[in-house]
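Next come two complexes, and both contain subunit A; in the first it sits with subunit B, in the second with subunit C.
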Partner chain A sequence: MPRYILKRLLMLVPVLLGVTFIVFSLLHITPGDPALIALGPNATPAAYEQMKKDMGLDAPFLVQYKRFLLGYKHEVFGYKGLLFGDLGRSYVTNRNVFEMIMGSFPNTLLLATGALLFAALLGVPVGILSAIRQYSVLDMVSTVMALAGVAMPVFWLAMVLIYVFAETLGFLPSLADPRNPVSMILPITTLGLYSTALILRMTRSAMLEIMRTDYVRTARAKGMDEHLVVRKHALRNAMIPIVTVIGLEFGALLGGAVLTEQIFAYPGIGTIMFKAIGEKDTPQILGSVCFVALVFTVVNLIVDILYGFIDPRVKASIQSSKSVNFKVVWNEFISRVRRK
Partner chain B sequence: MDTILEIRDLSVHYYADRETVQAVNGLNLSLTRGATLGLVGETGAGKTTTALSILKMIQEPQGRIVSGRILFEGRDVLTMDRAEIVELRGKEVSMIFQDPMTSLNPLLTVGEQIAETVRKHDRVSKAEAASRARAMLETVGIPGGRAEDYPHQFSGGMKQRVVIAIALACSPKLLLADEPTTALDVTIQAQVLEMMRSLKEKFVTSTILITHDLGIVAEMCDQVATMYAGEVVEYGTVKDVFDTPKHPYTLGLFESLPSLDEDRDRLRPITGLMPDPTRLPPGCPFHPRCPRAMEICSRLSPEPVRLNGHLVKCHLYGKKEG
Partner chain C sequence: MKKTFLVIFLVILSLSLLWAGGAKEKGAAGAVKGPSIKDRDPDTLIFVLRAQPQPLDPNLFTTLYEAQIMREINETLIGIRPDGSFYPVLATEIPTKENGGFSADGATVTLKLRRNVSFHNGNPFTAEDVVFSFNRILHHPKSASKSMFAAIKKVEAVDPHTVKITTGYVDPKYGINQKMESWADREQYMVAAPYGPIINILAHYCSGIENKATVEKAGADYGTKVVVGTGPYKFVSWPNPQEVNITRNDSWWNGADKVAFKNIQYRAISENQQVANALRTGEIDVSHNISRLELDSLGKAGVSLARGQGAGRTMYYIGFSMYSPMVGQLKDGKPDKSGSYTPQDSTYLRSAIFYSIDPVPFTKQVDIFNGTAVPADQIMHPGLIGYVTDRPAGTTLGEWKKESSYFNAAKAKEFFNKLSPEFKAKLTPESLNFIVSNIPERVKMANIIKDQVKTTLGVDLLKVIPMVHAQLIGMGKTGEGYDISFFGWFTPTLDSDYTCIIYSSDSVGTGMNAAVYSNAKVQDNIVKARHSVDPAVRKAAYTAATVQLLEDKPYVPLVYQDVIIGYNPRVGALEENLFGTEIIDVHNLKKLQ
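Take a look at the complex of A and B:
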């Protein structure tokens, strides 16, 4: 098991390199000049050239990318590089990039965890009930609700909720503050409903499939009580796709719910990214994206390890992965890239 | 002789979008305590549906038992409530399914899958149930130490032994074996059948053995019932039916087997196909394929006739003894 985790952690390196390279390239080719933004519209050409040089923006693209990874020496704009965990300071706020991220990440973690708990606690049980009472009224209602949950754009739903609960009824505040639990209800609901719908549908279809398997029939033929058939025999087998979708949702939520955070003026990582992109704050954008990619892949790793606890077949294959075979790792990486 | 199971006029239908599949139609069957009954017939003849009905395991709402009575030791299974039926399943009547590869839960150890049945029905402690599970594995020829292993660590034949161990764990009075060897290769088939036979003697279990292999019937069974389109068309002791098959369908089944005594170049299959179960022909369902069909066969469903010890449902014999 430790070897497996090590192998998977090593796989993060090429993934993160790929992500940063793509984001770096995109920033390079999109319009907007950080030097110009830093100086303002009235800068002289000489000052502009000097600023470009100071920021290191006059160097060729690949040199800039190398500096991004390995560091850049300058008394104002210098940094140690991604490999040393330092991406310097934000062009706009002049604060350390990672400190900014670490300051807002707990807020995003809180929002994401709340939304995921909401989604899982609602989606899994209703999904199970929908499956064991297929075509019942409950099943029909939950199907329609789930479709609505997936189909409604988050920003629209957020505004409707604010209009109803904050403006009209006045129950709940329209601004979210991590220190005030009541103010978290609306953003958590907004963000959670979409995940609820996904988890509900996944749970329902997984349970329906498992309830038709031969081994569930065997369990019934043994005289197992129906609740044991559902809980012990069907649900555990259905957990693998359910855990997958929950993990993916959690990773995505941790990546910052840009729209939801914006609408509720919530100080999370999505807000930071949104602002940084608007201001062409390259170090902040790169730092945030790297961080989000790292979080997403780590959550995925945790999900994969969880499979081992659910399914003995997966556990056996994890335990039999004896050494880190770089060819296998590389092939797996390539196939993942292709799949995406 | 004491009758353990009696099925009277059983009809089971499945409902698809607009069609009704008439899987079992007015089936009558009885089983003597301690005997083994072979239930033979083509795929789709309603053999498995009959067995599932005995456990009241027809999945509603797609399937429904339309009429009939299934008397197990005099009690009608079909009128039992949930609690009674759950007590019956696995304890008094248990079933072995066709495909051992998919019949075991992949996430539970085989020991647990046996032990949970024992815990449920015999209300013993966890440790007691686990040790009985190990003993049961030994009985079917698997080392007790493998109780902690998962199904994927076993071969197909071993899995079927585990399935049999589950079915016999609570010493049921009636065992329904639904093509227990069809998914296995021939050498393993022989082992499993041999084991079933010795276990049957040990546990004194009455058995219904569903198969389409007449060789297995000859080896294992005391009585045999031939099913066609959801009805029993011929029923009697294996000796009677095999020595003097009467129903044209049973005759056809024997004809289509290769013979060791006779020099035959080609097999003689029964011409035609099983009738569409959503549109069964009127009268005797076999008449469109029957080489000896008469005018009456397409009009009237034949009544069962008793012919030297066995029952035949065919107009050919109706007049002589009726």
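Take a look at the complex of A and C:
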């Protein structure tokens, strides 16, 4: 297992290099002049040229990219480079990029964790109940709610919730603040509903698939208690797709729930990225994108490791260095679901 | 099954009744009290900024957002009120020739500094801090306000409580683009001369005085983790990029008891809808730049609205690229900078478009200004010394009318009919590129202008091209790739010299003079006004420049936009402390509830 984890961590290097190169190239070719942004509107040509030189923007593209990775020496504008964990300073806010990300990431983590807990605690039980009571009122209501949850745009849902609970009823604040738990209710609900719908649908499908297998039928035929059948035989086997969805959702949520954070004026990483893109703040965009890519990849790695604990077949294949076998299991499962 | 549906129906019915019963009464009757601030500290004023601030280092950073905070932390030598009048802050009096503050030639200002003033960390305020602050403004690589302060030649500490500031200009033999990286460079390349806007510059928030010892000790952390000034509020924390907290300086030299709110929390919120929601629910107290679409609903919800029409507020205009063969002013294929233009086809077309535009509809359109703007008559802000109040008859400026600005369909057609057939043949649909920032309101205005030109001249000449603002500035540097551009401008110094950047020859190539307009007559008047401290001389020079500018028509003035601030009625004295630049003197506000 440690070898497998190390291998996956090493794979992060080319992934991150690829991400940085693509984003750096895109930012380089899009219009906008960081020297002008830094100087403000009334810069003289001399001041502008000096600023360009000081910021290292007069160098060729590849030299600038190399500096981004390995550092740039300058008394005021210098930084150590991505490889040394120093991403420089934002062109717009002039604050240290890494500090900005680290200042906002705990807030995003809080929001994402809250939303995911909300989604998992609602989606998994309701999904199980829907599966074991297929075509009941509960199943139909949950199916409709899940469809609505996926179909409703986040910004619209957020506006409706704010209008009803903040403006009309006055129960909850419309601005989210990580220090005020009550103010987190609306953004967590907004963000969590979409994930709830996904998790609910996936749980229901997985459970339905498993409940129709021969070994579940056998367990029932042997007179096993229905609770045990569901919990030990069905749910455990249905967990792989559920954990996959939860993991992917968590990764995506940590990447910044841009719309939700914007609407609730929440100080998270999504807000930083949104502003940085609008202002063509190259160091901030690159820093944020690299960080999000890193987080997403690490979360995926954790999900893959979790497979091993859920499904012994996956663990065995990892331990025997056949690291891709869990994917075969997953693909087989998906193809079976699709056939249904 | 029937029972289940009945239960669901009853639940929905109950929720609907609860919602209806719980809804707040809205309307004029409840408008006086304003939104509740229950569940939050009444001593804390929550102030919304519409973008996140840069570091709180006034010598280096210049945007409105950090300026709003820095004004309360770092005091300037001279203060300025929204009406443009001055008052002494860290200096003991306003310098004049009569009190010996100005030298006989007007090039040197001597300021006596207030004694017994300390920075928030207890360090004493001295002349050395003043010299240090101006040195940073002028010579620090990150300073964004070098150009605004470029006329300062020397700042000297005469004694610990006296400073002497000498102004001037770069000797023409070295060229205007001469680099100035130290006091020694300034001494070598600059010639001493009076500088008209010097008091405004000393009152500008960028010249807030910083403590030398603290800044040097804090290094790169200054402005984000360490912030020190002498002002009525002191820095507390910056927990995330969207929030800054400051608290009252209880040992403020001017008396902390004059400051009503103990704490200020600044929050950066960019979404219009969210700002409006938070004002209605009472979660915030003050916000800049309220969406014009929300004005009615905010008023009905009891939110107060301040409408600022002070000097320096944003002005919108369009500029013709003078390098354009279609609407510019070329002579032998090169830009004509003589100041005496020979009329040609491009001159006629420029005039035809100039007279085709009527900005009055913008000012009324609900989704643009919704009645919060007035038509502009000149490229100069009302309230500034250079604004021409009596529009001389017989000039283009004299043709302006409040009801329709310069719009004159007959005159537009008259100029259009003067075009040669060969030139007219080039005027195919959308043959003129009209560039504009991709800000929805600006794009809407650009499209209205397009329609007005089409209606008046009978040809759909303009092709509206929205783009990011940085690209617009980039194109404005060269004057190429477009025929017409759309811009906005405000004057933070509250002095006309700053407004003149738009049409000064010195600004060609910076992107700010988007018309790449250069006229020797106009430039002479700008320079004359810049190097005089006599208000009468300055006014006459600016008047001459403005009149000439409108004869040449490189720009079409569109509108002056009002500043709209939304605030909780518990905040008093807001309107009298609101600047045209949207800045509010928070320490002068009153707490009414």
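The working rule: the second predicted complex is superposed on the first by the 321 of 340 C-alpha atoms of A that agree within 3 Å, B and C clash if a C-alpha of one lies under 4 Å from a C-alpha of the other, contacts with A are read in each partner's own complex, and residues count from 1 in each chain.
Please note the rule applied: a contact is a pair of C-beta atoms (placed from the backbone, for glycine too) under 8 Å apart; a residue touches a chain by one contact, two chains touch by 3 or more.
Please read all numbers here as calculations on a predicted model, not as lab measurements.
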Fit-or-clash call for subunit B and subunit C when the two complexes are aligned on subunit A: fit
Subunit B versus subunit C as contact partner of A:Gly78, first or second or both or neither: neither
Which of subunit B and subunit C A:Val164 touches, first, second, both or neither: second
Which of subunit B and subunit C A:Asn107 touches, first, second, both or neither: second
Which superposed partner A:Tyr215 touches (first subunit B, second subunit C, both, neither): first
Dominant contact partner of subunit A by residue count, subunit C or subunit B: C
Touching partner for A:Pro241 - first (subunit B), second (subunit C), both, neither: neither
Touched partner set for A:Lys275, first subunit B, second subunit C, both or neither: second
Shortest span in Å between Cα atoms of subunit B and of subunit C, once chain A is used as the common reference: 18
Where subunit A meets both subunit C and subunit B, residue numbers: none
Residues on subunit A engaged by subunit B in the complex (per definition of touch): 213-215, 217-226, 228, 232-233, 236-237, 310-313, 316
Residue numbers on subunit C that touch subunit A, as the complex places them: 1, 4, 19, 22-24, 36, 51-55, 60-63, 140-142, 144-148, 150, 176-179, 220, 223-224, 239-243, 267-271, 273-274, 277-278, 280-281, 283-284, 467-468, 470-471, 473-474, 498, 501, 506-507, 509-512
Interfacial residue positions of subunit A with respect to subunit C in the complex: 31-33, 36-48, 50-51, 54, 75-77, 92-96, 99-100, 103-104, 107, 137, 159, 162, 164, 166-170, 173-175, 262-265, 267, 271-272, 275, 280
Residues on subunit B engaged by subunit A in the complex (per definition of touch): 55, 57, 82, 86-91, 94-95, 97, 99, 102-108, 116-117, 120-121, 150, 152, 163, 166
